[in-house]
Each structure stands twice: as C-alpha cells, then as structure tokens.
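By letter and in written order, the chains are A, B, C and D; residue numbering begins at 1 in each of them.
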Amino acid sequence: MSHGNNAAEQVLRSSGVDVRKCMRCGKCTATCPAFDEMEYHPHQFVYMVEKGEIDKLAASPSIYKCLSCFACVERCPRGVEPAKLVEAVRLAVIRKQGMNHLATDAIPALLDEEMPQQALVSALRKYSK
Amino acid sequence: MQVNEYKPKIVAFCCNWCSYAGADGAGSARLAYPAEVKIIRVPCSCRVNPMFILRAFQRGADGVIIAGCHPGDCHYTSGNYFTRRRMALLFSMLDYLGIERERTRVEWISAAEGAKFSKTMSEFAATVASLGENKRLEDLRCKQ
Amino acid sequence: MQRIGVFVCHCGTNIAGTVDVVAVAKALGQEPGVVFSTEYQYMCSESGQQLMRAAIREHKLTGVVVCSCSPRMHEATFRKAAALEGVNPYMVEIANIREHVSWIHKDMAEATEKAVILGRAAIAKVHLNAPLQAGESPVTKRALVIGGGIAGIQTALDIAEAGFEVDIVEKSPTIGGKMAQLDKTFPTLDCAACILTPKMVDAAQNEKINIFAYSELESVKGYIGNFKAQIRRKARFVDETKCTGCGICTEKCPQKKVPNEFNMGLDNRRAIYIPFAQAVPKVATIDANYCTMMKTGKCGICSKVCGTGAIDYTQKDTVIEREYGAIVVATGFNPIDAKVYNEYGYMDSPDVVTSLELERLMNAAGPTNGTLLRPSDKTHPHTIVFVQCVGSRCDETDERGKPYCSKICCMYTAKHAMLIREKYPDTDVYVFYIDVRTPGKNFDEFYRRAVEQYGVHYIKGQVGKVVEQNGKLHVQASDLLANEQLHIDADLVVLATAIEPDKTARSLGTMLTASMDTNDFFTEAHPKLRPVESPTAGIFLSGVCQGPKDIPETVSQASACAAKVIGVLAKDKLTCNPCVAHSDELLCNGCSSCEKVCPYGAISYSDKEFRGPNRTTLIRRVASVNPAVCQGCGACTVACPSGAMDLKGFSNKQIMAEVDAICK
Amino acid sequence: MQAMMEKRAKELLADGTVNRVLGWSAGEFPYDITPAVFETAKELEDAFVYNDFCAANLSKYLVKESRKEGKILVFLKPCDTYSFNQLLAEHRILRENIYVIGVPCYGKADVEKLKAMGIEGITGIVMQNGTYTVETVYGDQTVKAADAMAERCLSCKSKKHVVYDELLGDEGEVDADCNRFDMVEKLEAMTPDERFAFWRGELSRCIRCNACRNVCPACTCEQCVFDNPNSGVSQKAAVTSFEENLFHIIRAFHVAGRCTDCGECSRVCPQHIPLHLLNRKFIKDINEFYGDYQAGADPEAKPPLGTYDKADREAGEGGRH
C-alpha cells in the first residue's frame, strides 16, 4: 500500500471524503445503476483511493461511466460519499488535460427533449472542470 | 513552544454526576484539552454561587465555566434548571457591566460525553485566550 | 492547624509517565500544614494503603490528600483506609491527577505543574474540612421492577427468591415481553415459549411478586431506600379478580378487525382479547379504541357471554401509591421502524418483513400456525433474502439509523436461515452481511453450521434496493468478494432491523434522574465495574435498556441486577451521605428561598427563641434541614441570600479555598 | 392629607387598635424628613408630617417593629406596599401586628433638584395639578413637578396600593408604560467598552457607606454576608475596583427577583450612584427571559429564581445586546 502519495492526497482533499469511515458493506455498489458499465465500482473507488491506487482509477473509463446519480452517496450508512471520489479523480484527470470536454455554450445544441435534467447536470459535472 | 506565550487561567466547576464524570471520560479516552483548565468538583452545578465565580476572577482567573448535567438529567432533578436561571441573569449582568460575556459559560456535558468535554474545554480556552488577560474584574492585589 | 499527609500515586506509568511524581510530592511537601509527603507506585494497592496508614500513625495526620486517579474511582478506598486509623473519612481529599492530568497532557513540565496546582487545591480544601458523621435512613424492603420482559421477570424472581417483595409494572396486558414473541432461540434452538412461560407462571405464583400488568409508572419521588412511586393501573374494563381467562368473550366479540400487535400486525384480533394463550395474568382486556360498546354504547356481547360478570365498561384508571427501597429498570427494546427504509421496499410489499415479523410467521402460535407463507399470497417462498445491519452501524450522517451494532441480528438471522433450510430444504436462502459477528459460547459453531451444514448463501455485501416486480422481489445487491452486482428474484426479503430502547425510556430516565446516553440507553455507573447500577443510587439496570443483549446475557444481567438490589434491601438502614446542607440559625432570615428550590422537601421551618439585645428574647422563623432527606445538591446554598445555608463537605469556604489555590 | 392621617392615627391609638404609629417626622430641616415611631397623640402633634418630601419607604422598619409588643400602624405609599408584600412573602414581617393605611403619592420632590434651581430657605412643599408650590422663608415659589420630581418617581410603575387595611385619599393606577427601563436600554445599546467605562465611573465613587444596603427593604438579612467574617467575602471598605464591583453585583444578585424597584438605594446614595439601574437590569431580564414578574405585586407568586421552566433559555443565550 502506498499511503499518502500526492495524487491520493489531492483526491482526498478535493473530494473531502474520509475513506476510513467505509466499513465495506457494499451498499454503494449494490445500489449503483451503472454497475455493468463500471470497471471499478463505487466500493472499489473507496478502497483504491485508500490504498493510493489513483493511477489505475484515472486510467479507467469508470470515471466517465459514473452517472453522477449520487445513489451511492444517498445510500451509504456511514456518509462516505463514493461519488465524490469518482468526481475528484475525474477532475484531477480533466485538470491535467487543461481543457473542458464540454463547454456551457455547447449545451443548447445538444439538448434533447427526452433527456432528463439530471443527465444534463451529470454531463456538466463529468465533462467540465 | 514560545516562552512567553499567554496562557489563560480557567476554572471549571463540574457537577459530580455528569460533567466531572465526562471529564474522567475525556481522560480515559485520552482526549486532550488545555492544561490551563482546572476542574473543581461540586455536587451539582446549582452549588455554584455567583460569589465563587467572582472570586475566581478576583484571584486571577481569565475564564470560568460551569458544566452540569443536561437539562432534564440532573441527578437532583432540578438543580441545573436553577443554575440556568441564575447564570443567565448573572452573565447578563456581567455583560451589562461591560465585562466580556465570553469569559463565562455554562455547558451541559453528560457522563458519556468525554469528547464533548474535551472539545468544549478546548474551545473555551481558545476563546478566553483570544480575549486576553482578565482586566475588568481583576484585583490588583492578587496579581503577581 | 491540620497535620496533612500527601500521597502521590504513580499508577504504574499511568501517572508517572507524564507527571514527575517525585517533584509533585516534593512541591506539595512545602505547603503549609503538610507534615508528610511521599509518592508510591500504586497507592490503591494493599501495600499502598498500608503505607498511608503507617504515615497516619507515625505523623499523627489529621488530614490526607491523595494525588491519584479520579475520586469516582478510589475516593472510597482511601477514605476507608484513613478511617481504619481513626481519621474521619471526610478528612480525605483526592487530587485527580490521572484522568484530569496525566492522561490528557503530553508535556511533562506542564502536566507536573498542573498536578501540583490540583494538589494544592486539595490541600487548601482539607485545611477547611471537618469530620463528618454519616446519618442513617431506613430501607423499604420492597423492589419495583419496571418492565415485565425476561429481564424484569428474572430480576423479580431472584429478588423474591431472597425473600423480598417485588412489584412488576408492565405496560402491556401481559408480562413476557419480546421473548414471548420469539419462535426458537439461538444457539440451542429450544422454543422460546417453552423456556419463558414457566418463568412467567413462577412469577405469577410467587407470593412475593405482585404483577401490575397493563399499568404505567406515573411518578417517582424519593431516594435509595425510600422511593415513593405512583402507578397508574389502566382500565382493562374487565375485573381482574373475576376473569378466569376462559376466552369466550374473545371468541364472541364481533369486532374482528383489530391489528394484532402480538403478531406484529400480521393478523387481526378482537376488540376484547388475551394477547396469547400463556398470557400472565390470563385476563381479557377491552381495547377501548375498537370496542363497539365503548364507542357507540351498543353491543355488550362480551358482557352477556361472560360467565363471571367480569366485564365492566365503566371501569376507570386507578392510581396506586407504593413505597420501594430500590427500582429496577427493565424496559427493553423495540426494533426500529423499517418504514423509513424505502430502498428495501418495506412499505411497498407485504413480502418485505422484519425479523421479528418472521419470528411470528414461523411460530406455531403465529398467524400461519408455523407454516412459512408469504404474507401477500400465502404461498411458500422459495428464495429468501436476508439483509443484515438495517439501521445498525450508521454514522451521524444517516439520521435513519443507529451508530451501534444491534448485536443479536447476526445470530438470529443464522437461526432463521437454518430453520428455514431445515424445514424447507427446497428454499434458497441468501444472507447479505457487512460482518458476521458471533462472539459467544457456541455462536460461531452455530453460524458455521448454517453455512456448511445447511448451505445458506452468505454474501459479503449489502443490498442496494428491493423492487416488487411481477409478484417477485427484485433484489439488487453486491457481492464484494466476487466484485459482482447480484440480481436476485426473491419471494421474501427479511430485514434485520436495528433495535432501539423502548420509547418510554427517555421520560422514565428523566423521572428517575437516571442518566442516559445519546441513544437513550441507560448509562451504567461504571462501564466495566458497575454494569448493572445506574449512577443514581437505588436505580438498577436489567436487560436491553442498558445496551443490546441476547437472552443469555439479559438473564445473567438480570440476576446480577437482582443481587445488587438484594444488597440494598438486605440492609435495615442505609448510611446517608453526610455531605448535606445545614442552616446556621443565627444567620437565617426565615425567608423560604431555600425551601422553594429544594427538590426533596428536606427543609422545614420553625419559630425559635433567640437572645435579643438587653436580655430580651426574639422569636424568629428559621430553617432546618432533615439530613436523612437532603441529598446534598446545594441548590439551597445559592438561593440563600444571607449565607446561612451551607453544604457540608462542599462549603463556601472550601470551594473558595480551592478557587484561590487554583488561581494562585 | 397630613391632617387626615394624623386624625386617623390618633383615633386608632385612642381606641387601642394600635399602640404605635410608624410615619415620618421632620428633621433638622423641613425637607430632611426621617421615619419615626410615635407612641402618643402628643408626639404625633409635635412631629408627624406627610408632604412631598416624605420619600422614605417605611416597610423595612416593620421587620423589627412588627416583632414588638402590640400592633403598629404604618402609612404606606403605593410603591411601599410592594415592598411590604415582598417582606410578607418572605416571612420577614408579622402581618397580624400591623395595621396598614395606604396613602396616596403623586411623586416626591427631589430637594437637590430644587436647590439646583436656586431655591433656598425651604420650609414646606405642596403639590397641586402638576406643580410644586415650594414654601420658603423668602416666600412661595412654583416649580413644574416634572422638573423637581425624584428620578424614580418620574418613571413610577404604580400608584396603586397592592395591600392595605384602609385607604386614605384617592387610589391610583398601575402604569404599564412607565418607561422605567429606558436608561437600562440605553446602557444595553452601548458597546461593552462604553458600559464598562460608565459603570467604572459610577461604582468607583462608592465609599461603601452601606446606605443602599441599610435602606433596601429586600436587604433584611440578620447578618449581611459582607459583614460576616465567615462568609469568605466580608469586607468593610472596598479596597480595589474589584471589591467595588463585587459588593454591588452580589447585592443586586441577592435581591434579584425580590427587588420591588422602590428606588430607595439610589435615593439615599450620598455619591449619587444610580444603583437602581443594576436592579432594574435584573428586573428587565427576568421579564424578558421568564415572563413579566413584579416582586411584591402578589405575595403568593412564585419568585423567578425559586422556580424554573424546562424550556428556559440557556445562560448566555440571546447574543450580545
């Protein structure tokens, strides 16, 4: 385990998550509607951040597959907030790239009546810093 | 550590049943709070006479805190309710005389709340430290 | 001038590790009046006490200051040791340099300085101490047990066994409590009713035990040895002395649609009912909320069919007053309301049940006569999912849950799973767990049997949601070890809901001035050494009201509690706390300020003659304190404007001397 | 009024209802009036006065007087009756030994104010229709009552007697809007530094003559804690600023909830310290924190510091003023 590496610390700081509170019940993963799409699941994010394995997470498509629905945050009995970790890893990656994948101006063109509001918010969360 | 760092003197009157036990709990759990806080054990917060509080200020205390059982949990049924009324009036009077209100406090800390005890005392000590030395209720004869 | 001895304890390294005990002993040796000062490794040990006693003899000490652990720990020890050498126990003061110094400070210089200051304060106090003589108060040789579950029953039986009278106050119509609702018990699988009901009958037949069922405690006054309680005996509308418990009324009553609380609302009972066959007392009760006669004045069938004329629609609540020497709290628990867990669909499907509901569904005396059937369609469930830790082990961010482990769920779930697999081998049983906790005699063996012998699927991971779909319960869960999300179509989902103290506990705690923790469990006087006593003298704790427990633990605690109660009741007199208020008649104005704030009514007034100027006599009204009734809170001392009222052992002068010493 | 009172007193002495009369008698100067006990009609004729200089609250004297042989007649102004009731509630006076005659009061004159106006050689005073007619050796002078009235009377809370055996003259009303807390509010509105400066300015003048304590009808302790060497706070003279504060804080606290706001403390203070502002602060706080309470209005009422409510505010709650 590589505790206290810089990347992990940054993720912990920007997310404000206390990964040590996790007691590995897996209710986050049990709740996750994007489970099948995710390479790493919410509980793994928590565990891997704790172990300092940020590189693996950063390289995984999971950070974009997460729907940002926050069901894992809502259901966690100990207030760990896995989605915030997913978001923090993603932000770390996007910031390094130095550009947004989605600009606010580009949104109107993408709007679709069928698209739920939450998806839009989630997309902004995911593709902009 | 600085040599001349200002350390306030703080007297904590703790009721025997809740807050003194809470202080013991803080000790058992090794939850530190500043050494400036010195505890005097009283049977109940209602034993604390305003004269004791003024006496403490006279003798050089910079802050006085009274800790008792939570309202409704007084070992003697009603003692802390009387404490609450007496101290509400006394503190208001001290404030009226222009004496910093933050130097006096009442807190309800149960025997199970060691963490609260430590947190409360740390906070209070910091507040009193930020006010600096008690000048307005000092007795120069008691100063070194 | 006192001759004071100072004894500084190392407490091994507990104190000496952070406090320079030699320096403390030396510094305190310089204080005025201190004629002897020393330190020792363990003052509380036999040799430490011998050392103190020898010093008292040798130096003719009149006062003792021990710098050691909290007075709540060893004040009594040192007082006793001093008394053996003829020093009044109240001439001993403790400076708490462990809990209040060495354990919370790291810097040795700082800790040592504080220890010296606390020592000085104790010395300053001892200078003003006066020998106190403890008074005595009589003991009412009867105990009150609040709650008639297995805890209350066991405590009552044990107290009665020792020859003392016991009253059990139970709010529901019968004693028996939660255990009466259980099917089998772990890890032996013997039937709960088979082992409980004989005890209920024992309690009913024991002439030393009075059962006040369907009764609630209204008020409690007094103190250890001398409590006065008012008990409200709720109207059953049935004369207990006439009712034979034949049950004809409960069969003839036309109001059949009353949710049966004994069966967790899974079936209905009548408006007049006996909760279950072995109820004690076996007496019918009319539920006034549903009874047609009570609501409309028309019906009266039960009255007509009753052979003994026991029905009395005009019965009123009565309040009786009883005196007790000790009070036992045995108010037990309830499962939390599963309603709040909508992700598990408890409110959406009748086939999502709590574990206690499952107990009834499996019980031969339950709504299905012991055949496990789904509540929705009364079919046999083939796939059953158990969800552990529902509402247990949550932190403060989850306001629906409790922070503690409910302790019993792991074991009863293993029991349920095993019984189901035993009875219905064609059933698939899944248990989703966070941890499986089995510390107990034969507990882990029991759990392993469920896994290994009965093939129960234990899966590390939680259930995320349960949705009713086409008559099935779609369970979405995680298998953390396999890193999979599982989707199971279940027939029945069982929630192991957390347990919480009974709702009445909080107000009871206030009534008894017994302290509680933030979860409404009663606090014990010491978590390890006095686990069955409340910090409030004369109040004892039995069963889950103190914290989650299984049956064997509850029973052992109940018996321990009884032993403590017997210890009180066996005494003819209790030594009173001599630290009581007293009024200086020469200063008393007779203004009644003190009387108004006394919670015990310990202060009374009388007209007394005093010498006035020029050989005249003046008659003045003055206060006096009954030392047997005064508990020594000191409220009166502050209410008194003239300073006539003071508290022995915590006098104005003593406290001010401590203040002075601390602020010096 | 004086004649009426004197006549009634003589009657009650004559018919044996009472054997003494507690009233006022002229001192060295006509405005320098002191409480006095009269035992005969002759004594009454010689010295009894009642005029707008008769400020003293007589109820406190009953603590000693009511314990003597026989019944005593006392004349009480409306505000004095509150003190009387309070003393009664605290069992300090024996009601059965007292015959109370309520007398009206329209506000007493402050002789210092008259002197400050340049009025000299005062021999008497009469109030009528909001005007004092001051009799002097140089002839009568008229002054607007509001200009010469004692401070406490300007914010009089009640002109209604709360207890009496008989009433002479007109009965007045309780004045709910007497503005008696105006100055307290003004002080509360100051910054702590200003308040501190204000009170230092006032209390540092205290010479510890104990006049406030000795006149106060709530301060009837057999022995005051400040005189008791065993109390731990005894002091004869204030040596430091702390002791000045201590005496007045403790005194105010000891009478908190018991002080009827009669204003005697400030009246007798030779240093003109507005001591009533300390008591009024407690009264105002009690009213605001625990509901309106007027000590002495009802002898059966529960004193605010002798009772509590589970929902009481926390000490220090309510922020700064």
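As a working rule, a residue touches a chain if its C-beta (ideal position, glycine included) is under 8 Å from a C-beta of that chain, and two chains touch if they have at least 3 such contacts.
Keep in mind the model is a prediction, meaning the values are calculated, not measured.
Enquirer: Which chain's C-alpha centroid is most distant from that of chain C?
Expert: D
Enquirer: Quick check: more C-beta contact pairs in B-C or A-C?
Expert: Answer to which pair has more contacts is B-C.
Enquirer: Quick one: report the Å distance separating chain B from chain C, using the average Cα coordinate of each chain.
Expert: Centre separation, chain B to chain C: 30 Å.
Enquirer: Centroid from C-alpha atoms only, then distance chain A to chain D, rounded to Å. What do you get?
Expert: Chain A and chain D have C-alpha centres separated by 75 Å.
Enquirer: Nearest whole angstrom, what separates the Cα centre of chain A from the Cα centre of chain C?
Expert: 45
Enquirer: How many angstrom lie between the CA centroids of chain A and chain B, rounded to a whole number?
Expert: Once rounded, the distance between the two centres reads 46 Å.
Enquirer: Give the residues of chain C touching no fewer than two other chains, as numbers and ranges.
Expert: Touching at least two other chains: 597, 639, 652, 656.
Enquirer: Where in chain B do residues touch two or more of the other chains?
Expert: As it turns out, chain B has residues touching two or more other chains at 50-51, 55, 72, 78, 82, 86.
Enquirer: For chain D, what residues touch not just one other chain but two or more?
Expert: Residue numbers touching two or more other chains: 225, 232, 305.
Enquirer: Touching pairs of chains, which are they?
Expert: So, checking each combination of chains, I get A-C, B-C, B-D, C-D as the touching pairs.
Enquirer: Using the touch definition from the top, list the residues of chain C that touch chain B in their complex.
Expert: 70-73, 96, 98-101, 103-107, 110-111, 113-114, 117-118, 121, 509-510, 513, 515-518, 523, 535-536, 579, 597, 599-600, 631-635, 637-639, 647, 650, 652, 655-656, 658-660, 662-664
Enquirer: Going by the contact rule set out above, which residues of chain B touch chain C in the complex?
Expert: Per the touch definition, chain B meets chain C at residues 9, 11, 16-18, 20-21, 23-24, 26-28, 30-33, 35, 38-44, 46-52, 55-56, 59-61, 69, 72-79, 82, 86, 110-112, 118, 142.
Enquirer: Please give the residue numbers of chain C that touch chain A in the complex, ascending.
Expert: The touching residues are 343, 389, 393-398, 401, 432, 434-435, 460-465, 476-480, 483, 485-486.
Enquirer: For the complex, give me every residue of chain A touching chain C.
Expert: Listed in rising order, the residues of chain A that touch chain C are 21, 23-32, 35-36, 41, 43-44, 71, 75-79.
Enquirer: Which bits of chain D are touching chain B when the two form their complex?
Expert: 184, 187-188, 192-200, 225, 232-233, 239-243, 245-246, 249-250, 252-253, 256, 278, 281-282, 285-286, 289-290, 304-305, 308-310, 312-317, 320-321
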